[in-house]
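Multiple structures are listed underneath, in C-alpha cells.
The two complexes that follow have chain A in common; it is paired with chain B in the first and with chain C in the second.
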Partner chain A sequence: MDKVRIEELNVYGQVCPSTLLLALREVNRLQDELHRGEVQLDIRTDNRYATATIPNAVRNMGFDAKVRKEEAGYLIQVCAARS
Partner chain B sequence: MSPILTTMFLGLLLGLLAGAIMQRSDFCMTAAFRDLFLFRSTTLLAALLVLVTISAVFFELVRNLAGTDSFALSVLGVPSLVTVLGGGLFGMGMVLAGSCVVGTLYRLGSGSRLALWAVIGIILGSALYAEIHPFWSTLKQLTSFGPQAVTLPQWSGLSPWFFVLALVVVTGLLILWRPQAFAPLPGWREVKGYIPPLYAASALAGVGTLSVILFGRSLGVTTSYTKVAAHLEQLLIPGHLAATAFFQMQKPVIFPFVPEPLTVGPGPTFDGIVVMQYPLIVGIILGSALSAWQLGEWRWSAAANWRQTSSVLVGGVLMGLASRMATGCNIQHLWGGLPIFSVQSLLFLAGILPGAWLGGRLLVRWVLLEKC
Partner chain C sequence: MATGQGKKSAAGVGLRAEIERLRAENDALRQHDSELVHYLRGKIDQLLGVVGTLPLRADELDDDGLIAFDPIGIISDSFVQVLHTLQETNDRLRAARDEIAAIYNAVGAGIVVLDREQRILSYNQRLKEIFFPHNKSIVGHTCVSLMCRDKSPAPGCVFAKVMASGQRAVTQEWAFNQHYFDVVGMPVKDRQGKVQQVVIVYHEVTERKEGEEELCRALNQAVEAQQNIAAIVSSVCEGLLVVDPSGTLLLANPAARGMLSLPAEEVVGQTLQQLFLDSELPGRWLRAVQQNNAGEPFDDHLGGTEGGKSRCYQVRMALLHAADGTVRGGVLTLREVTVERELEKMKSDFVSTAAHELRTPLTSILGFAELLQDSENFSLQERAEFAALIHDRAEKLSELIDELLDISRIEAGQVISLARQAIPLAPLVETSLKFFRHSSPRHQFKLLLSTAPLIVYADPRRISQVLDNLLSNAVKYSPEGGSITVQLDCTTEHCTVSISDEGIGMSSEQIERIFDKFYRVDASTTAVQGVGLGMTIVRDLIKSHGSEITVKSAPGQGTTISFTLPLSPEEHF
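What follows is the complex of A and B.
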C-alpha cells in the first residue's frame, strides 16, 4: 500500500474566521488527492470553535475528520471517508 | 459585608459563570452573524434565538414576581432610527475585530493576544464618542420614536405575555420544523469540555436572569470602557475631560438589594457602573482563564500579522464608538433587549445584520486572503 502523504497547516493566533477559511482553501486545493486517500491534511489550531466547524464542513464535503488535543492546541486531521 | 460589596461579589460570580460557559462553548455572537453570510451557517443564530426565547419567559416571570415596571427605559433608552446606524457600525466592527465586546473578554481570558488590541480599540472608540456626543444626541432626538415606544408591549398596549407566547410558539415551530438546525454539530464530543451552543445558550439565559434579579437589568459591560477612557483623560488631559459634557452625565439607578440610591454615568467616579460592570468584566476574564487552564489549553496565543492586528484595533474602535451611539453593545441588545421586545434593540438588530455582512466582505477582501 502506498504511503499517505501528510500536508500540514498551522493556524495559530489568527483572527476569526481564518482557521475555517484557510482550512477550506487547503481542502479544496487538495481535494482530489484527499478523496483518493493519497493525502491527509493536518490542521493545527488554538481555536476551539474551529474544532466543531471544520470537521462539520469537511464531513459535508464527503471527507472524514478527527480531532485530537495536543500540547499547544488542537490537531484536526482531514482524510478520505472510509466507505 | 455591605450590600454594595455583596452585590459586587455576586456579580463576580455571574461573570465567572458566563466566562467559563462562553470559553467552553466558544459562544461567539460575532460568528453568529458573520458566518450566516460567510458560510451560510445558522448554528449560533439558532442558539441565540433559544437564548432570547428562554430569557423572554424568565425575565417576564421575574418582572411579574417582583412587581416592577419594564426595565428597558433606564438601560436602552427611547428608540430612535439612528440606532440602526449604530447597530450597523457595531456589526462591521465586531467582524473586523473577530469578536464582540464580551467576546474579547472571554478570548482575552483564554490567552488571545489579538483580544488585547480589541480592548485598546474599544477604549479609544468610547473616548471618540464623547467628542461627537452633542451632535449624535441631536440626531437621536430628531429621529426619536417618542417615550411611548420603548417596548413593543408598551407601544401596542398588548400584554407582554402575548409577545412572549408568540416568540415561544415561533421558536417551538422552528425547532420542530428544522430540528437539525438546533442540534449540536456531529462529533462535538471529540473535544474535551466542549459545550454545544444550544446548551450554552440555555445556561447563559439563566445567567442573564440572575443578573435581572441582582441588578434589575440584564448583562452589560460597555460603559466601563468609557469610564476607563475618562480615567485616562483625567490623567492626560484633565481640562478637556472637565469641559466634555458627555462625561458629566449621571442618572439615578436602584439595585434591588442595595438600599442606598446610586447613580450611573460615564465619568471617572465610583458609581453603579463600577458596582455592576467591573466585577462582571473581571469575572468573565477570570472564568474563561480558569476554564481554559483546567482544560490544559491556557497560553498566550502567537502574534498575528500586522494586517489582522490593525483590523482588530479598527474593529475595536468601531465597537466602542457604536455601542455608545446605540446605547449598548450587542450583548445588551440581543440578550437583554430582545427578550423584553425593546424597540431600540430591534433597530440595533436591523443594523447589525447588514453591518456584519459588510464587515465580512471587508475582512475577506482586505484582511485575510493574504498568504499567512
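What follows is the complex of A and C.
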C-alpha cells in the first residue's frame, strides 16, 4: 500500500463557523487526492464545537472522519471513506 | 471681466452639481453594496445553518474579508461533493434494493413485513405459496386474521416477541396446516430506536422434523434393541465372548467373566492367546478366521482349575461377516460341561459295571443250570446245592434289578412308597449283621445297643435295604478287614443308627459326591464291586422317612455314616 501523505491544517484560536469554513476549504482543495486515498488531512483545533460540525460535514461529503483528544485540543483526521 | 467671471461662476456651479451627483451616486452605490453584503451574509448564514454550524459574526469577518474569503464558494463546493456523495449513495441503495428484492423473491423461505399493527406491508412469493395460494392479495390484512385463525396471537408469536424485546426473536417448529416452520422475526427501527416494522421469515422444517422424529424413533428402537441385547447377553448363563479377527476380546458377558475369574476391565482388550495359554481355543479361532468356517463345537479346558480340578467348556464359534463377506469378528459361546462330561463318563462306566454285575450271577446261574441238566453225574445233595446257588445268584440279580428300578423311580421324581409300621430296630440290625458276619469273616461286627427297646416307625424292608447297603460299603471299603460297628442311640424324638468302619475313608470332595448317581469312591479298583447307585438310593429312602443321613470320614481313617429314624409314637417319652 502506498504511503499516505499527511496535510495539516491548524485552526487553533478559531471558532465556528470560521473553523468549519477553513476546514471545508481545505477539504475542497484536496478532494481528489483525499478520495483516492493519497492524502490524509489532519485538522488541529481547540474548538470543541468543531469536533462535531467538521466530521458531520465531511462525512456528508463522502469522507471518513476520526476525532482524537490531544493535550492542547483535538485532532480531526479526514481521509477517504472505506468502501 | 464680468463675462469671464460669469463663466467661472457657471463652471463652479456645474462642478458642484457634478460633485453632488457623484456623491449621491456614491451614496447609492454604498447603499447598494451594503445591501448586497447584508444579503450575502444572510445567505451565508442560511448555508451555514444547513451545514449545522453557527452564523457568521460581522466582527469575525469584515465585508472586504467576506468577499475575499468567499464562504458561499466554499460551501457550494462542499455541497457539490455532498450531492455527488448522495448520488453515489442513492445508486448503491438502488442496487441494494434490487439485490434485496431478488433475494426476497428467490429465497426458499416465506417472508412477510408487518407494521406495528400487524398489518401486512409486503410479502414474497414463497410466503403466498406456503400460506395463501388462493388469496389474491393479502396486503393490509393482519397476520393474526390470516394465520392465527382464532383471531388471537398464537403462543410463541414472533411478532409479539420482537415488539416486546425490540430484538431478534425465534419460534421453532410453529405448526400451520400440518406443516412446521422455524420462524425468525427481525425488528426494523426508526432513528429513535422504536420498532416500526417487523420482518418475519418462515423456514419450513416439516421434512426435517419428520426426519428427526423418524431418527428419534429409530434411535429409541436401536437403544431398546441394544438394551435388550445387553440384557440377554448379561442374563444368559453361558459365557459369551465377542472377538475381532485377531482374537482380541471386545466384549465378555458376566457369565464369561465369572468363568474366567476376571473383572471386565482386565478381560477386554486381551487376546485369546493371552487369556487361554494352554488351550486349543486360540488356534481354533485363527483357523476358523483363515478358513472362514466356524467349524463344529468342541470341548476345551479353560480358565485354570477349581480346587485343583480342570474345568471343561463346550466352545461354539459363530463368525461375524462384513458386507464383503470377510470375517470381521466372532461370537464364542462357552458352556461349562465339566459335570455333564463326568456324568457321561460315569454313565458309561455304569453300563460296563452294570453289565459286569449282571453277568457275574448270570454266568453262575447258567453254569449251574447246565450242570443240573446233566443230573445223572451228580448226587441228590450236589443237585440241591446247585439249586441253592442258582437261587442265591438269582436273588443277587433281583436285588440289582430292584436297585435299578429304584433309581429309575428316583430319576423320574416318583416317591418311593413305604409300608411304615412300628418295628423293633435291634432285631432288624441283627438280621443284617448276621448275613455279613457269615459272608465277611475277615471283619469284626459289633452292635452297640441302647438299653431301651427301640421301636421305630419305618418300612422294615426298606430299612433292611439301607442297612445292607451301608454294611456292604463298610465291608467293600475296608479291604484289609477291621472292625465294623453299628451303634443305635435314642433321643426323645428319634433313633440314630451309626455304621462305622476302619477302612480307606474319603476326602472331603468324595464326601460331597458320595450321594451322586453312578459315583463310586474308587472306581479304579476292580476289587470294589457295585454300580454306584447304592448311596443315592439310601439317601432317598432315608429322606422318604422324613429323616436325615450324614457322613463323617477322612482318608485312611475310616468312615461313619449315620441316619435317623423317627420313633414310633408309643415310644415317645
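We take it that the second predicted complex is superposed on the first by the 82 of 83 C-alpha atoms of A that agree within 3 Å, B and C clash if a C-alpha of one lies under 4 Å from a C-alpha of the other, contacts with A are read in each partner's own complex, and residues count from 1 in each chain.
Note that contacts are C-beta pairs under 8 Å (C-beta built on N, C-alpha and C of every residue); 3 or more make two chains touch, one makes a residue touch a chain.
Owing to the predicted nature of the structure, the values given are computational and were not obtained by experimental measurement.
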Given the alignment on chain A, is it a clash or a fit between chain B and chain C?
clash
First (chain B), second (chain C), both or neither: which does A:G73 touch?
first
So, A:P17: does it touch chain B (first), chain C (second), both, or neither?
both
With both complexes overlaid on chain A, does A:D46 touch chain B (first), chain C (second), both or neither?
first
In the superposed arrangement, does A:N28 touch chain B (first), chain C (second), both or neither?
second
Applying the touch criterion given at the start, work out whether A:G62 contacts chain B, chain C, both or neither, answering first, second, both or neither.
second
Please determine whether it is chain B or chain C that touches the greater number of chain A residues.
B
After superposition on chain A, the chain A residues reached by both chain B and chain C are 15-18, 20-21, 49, 52-53, 56-57
Residue ranges of chain B touching chain A (in the complex, touch as defined):
23-24, 26, 28, 30-31, 34-35, 38-39, 41, 97-99, 112-114, 185-188, 190-192, 194, 296-297, 299, 301-304, 308, 311-312, 363-364, 367-369, 372
In the complex with chain A, residue positions of chain C that touch it:
48, 51-56, 60-61, 69, 71, 74-75, 77-78, 81-82, 84-85, 88
Residue numbers of chain A touching chain C in their complex, please.
15-18, 20-21, 24-25, 27-28, 31, 49, 52-53, 56-57, 60-62
Once bound in the complex, which stretches of chain A touch chain B?
11-18, 20-22, 46-49, 51-53, 55-57, 59, 65-67, 69, 72-74
